[in-house]
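As written, the chain order gives the labels A, B, C and D, with residue 1 at the start of each chain.
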């Protein structure tokens, strides 16, 4: 499903954020990506979303060579991904309902369908009552859950979640993780970037550990690796 | 496109205006100001060149006849002259009339010294008015060729000056209008672009979620055109009202200049101004939002 | 204030311009466009009313003398008249000159019928030119009261019309200038405000960290004034160059209108335009940034 | 040091975010504030910073009645607080150095001093090398640490940290917490909003637990309270 071959990414400043990464993720896998702050996890997600293009190497997602995608083909490609951004990236001017509904509108889902889907996915993340609020009127954790709702509403074949529980209390975090596991069980390939040692250790999934732009460990049913 | 998508897009365009109030206001204000200025100067310039053009029609070429010519022949000549395209009016002045007006205009109270003589006997003539003073030379050549015409009196200097003033005004007017147009286009596209640039983050988010360029751009383009429409309409209404009041005021205040101040009707002005204003507003609203949105779509 | 704080603030003001490139460009562009339009029209309007004012000085009042008056007396009258404030020039026309020019102007080739007689003998006169045509009536009353003056010929209609045209131009010019000024103020303060509004978040952050209003606002105000200065200077330079070229071009192209086209020098125009432009740019840059920043300081 | 008496805060929409809260925090205390997403923790921090004013009740910080502060007195009051915002609130147009230095400039610290202090505080949070980067060129965790550096550089008598480790890996989180503890030992009153159960349980500090706008528990040497 997701294949990275010798992928490197250098920003204009500083040392490369990703350094010759190779990685295979099968369809239907659930993968945690962990690592120090600044180790390149978000950069990896951005490459998969084609927000960035790799400096070198090849990225193939779902038989698509992401690096070579023509501009006009990018939207269609992205619609196959659901993404929770580390900084949420909600549309400031629109309320919760519209933020989530937007993901469906671009798929031209009939309005009647949208009116059903949005409330149901909002109650999945525990925000049924807040559908009218603007992002700025939400707490940090609430915004994060809106971002998640938007990512999963289209039931995309691939879900990329960058730190989806960073602003959530343990109970909420667990619920979200269970939700992601459920979505994974229904066939979605899930990549979760997280710092939550407790959850990683408990869930016994594949864990990829990054450090300074390289993959230092890839465990099948792994846990959070502490350095010291 | 689904019908619901169409209405959604339209709705988003309208909502964008509201969501981005400050910029919408600024954009409408800028467009209004530009269209207003443009319209105002267009009206002034148009009236001005109209006034100058009218001034030319006051200049006449005078034709005197051979001595002892018959009235019939004079009549015939007159008919022929009035057929010319550049001739707007032709007036017969009898010898007596000529002397009377000559006395009045030139001799003041000193007229008595001439007694009852008419030094201008045999000086009946045609005054020929033209609608294009720059054709005077042509006309004179033609008149001089007519059988029975003794002499043609023209005022070459006045004609030359008027022709020059005319084309001077033409050049200056064109310059003003072009500069105003350029400045307007520049300022309007500027604000439209700014209004969209502040939302480049939003555009980026939409694109990252997988929206096509079209879906992202359409509401912005609709927004731009609506703002353009509003921004162009307001000053047109203002000009409509202000123009008519000003014309009435000026005509009243400057009764002396009655013959000079022949104002154009608002309809003559609007026939060009309305389309130009709408193109300025809606067209630049469209182009500005289209191109600016595209610039930020490369995500 | 510490000297380092002062330089820091100044530096931030300059850096702000760079950080916010798009808005800085837009602001400078808007100010430039407004000042340019204002300057252009100011130059046109000023020249125009200058031309009209000069036209009045071409209109003369003619004074004829009692029959058999002595040359000394004529001389004396002339000296007295030329003392009047409204008189700009006084020219003596002998009877022969009068007849010559009369013949030329009015009789064309028909002049022979008068033989060598001078119907205008005894018609030597003074042509009196004025610097303010609206004073004509006063002057005439005065002239008619002078001993030895037989008759005063004036052209009341022309004088009236010129006075009217004069004040018409005055009103229209003033209207144009005021409208342009208002539109400029409006547009400039608009963009300055927008440029700061997009940074209201930044202002909020600074305030939350504990910055005083002054510390937050000072760089914005400096930024606004600098943008205003740049925005006002560019069009002044442009006008300086364009104006002189245009004047040369027009004077050359319309040699016929030599007597009419008395252009003002760029210095006469700049003496008012430069301060107005700087006030427009720097003043509104200051006020606009000051008030807008204050609006967003209530955090 | 910090006294809240019957403080309530209602936003224009929804039920009150804080409902009759009373709280005393002594000078030199170290307090964790925990609670569900949306329970009003950030609202509490914002009230203390006077970003918001309470709907009713009285807030006294350092003998200052915060609710009655005149507009002109607010900056001076805020300079006595160091705040890490949940959403970082870095100045986007300025690099890391300038963001941190800004806190010192408003105190009119001599430039020479600033040139020494900023690098030293940046290396405390592990960002010595990134001083030239703009916020957008930083990873989530790096931004968070810049926000912390800015909050502590002035050695304020009170430090309010809203979720200061939400985007940090466990190792970094621990280092930051140790840093906060160190700062607390030097006399600063520290309030930390966090979801990190591991850390709260390990550090044995005072823990205030919030739920739906009220304080449901206040333990002296407490741990993270799980609902179920």
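The rule we apply is simple: contacts are C-beta pairs under 8 Å (C-beta built on N, C-alpha and C of every residue); 3 or more make two chains touch, one makes a residue touch a chain.
Note that the structure is predicted; figures quoted are calculated from it, not measured.
Engineer: So which chain is the furthest away from subunit C, centre to centre on CA atoms?
Structural biologist: A
Engineer: What whole-number Å value describes the gap between the mean CA coordinates of subunit B and subunit D?
Structural biologist: 67
Engineer: In angstrom, rounded to a whole number, how far apart do the mean CA points of subunit A and subunit B lie?
Structural biologist: Taking the average C-alpha coordinate of subunit A and of subunit B, the gap between them is 62 Å.
Engineer: Return the distance between the CA-based centres of subunit B and subunit C, expressed in whole Å.
Structural biologist: Result: the chain centres lie 23 Å from each other.
Engineer: Check each residue of subunit A and list the ones that touch at least two other chains.
Structural biologist: none
Engineer: Would you please write down the residue numbers of subunit C that are in contact with two or more other chains?
Structural biologist: Not one residue in subunit C touches at least two other chains.
Engineer: Think of each chain as a node with edges to the chains it touches; is that a line, ring, star, complete or other?
Structural biologist: Chain contacts: single closed ring, each chain with exactly two partners.
Engineer: If I apply the definition of touch given earlier, which pairs of chains qualify?
Structural biologist: A-B, A-D, B-C, C-D
Engineer: If we count contacts the way the header does, which residues on subunit D are in touch with subunit A in the complex?
Structural biologist: It is residues 11, 13-14, 34-38, 41-42, 86-87, 129-130, 132-133, 137-142, 144-145, 162-163, 166-173, 195, 197-198, 224, 226-228 of subunit D that touch subunit A.
Engineer: Provide the residue numbers of subunit C that touch subunit B in the complex, in ascending order.
Structural biologist: Subunit C reaches subunit B through residues 22-23, 26, 29-30, 33, 36-37, 40-41, 44, 64, 102, 106, 108-110, 113-114, 119-120, 123, 151, 153, 160-161, 163-165, 167-168, 171-172, 176, 179-180, 183, 186-187, 190-191, 193-194, 197-198, 250, 253-254, 256-257, 260-261.
Engineer: In their shared complex, at which residues does subunit B touch subunit A?
Structural biologist: Touching subunit A: residues 2, 4-5, 8, 19-20, 202, 205-213, 215, 298-299 of subunit B.
Engineer: Please give the residue numbers of subunit D that touch subunit C in the complex, ascending.
Structural biologist: The touching residues are 49, 51, 71-72, 74-79, 81, 83, 85, 89-94, 102-103, 105-106, 108, 110-111, 150.
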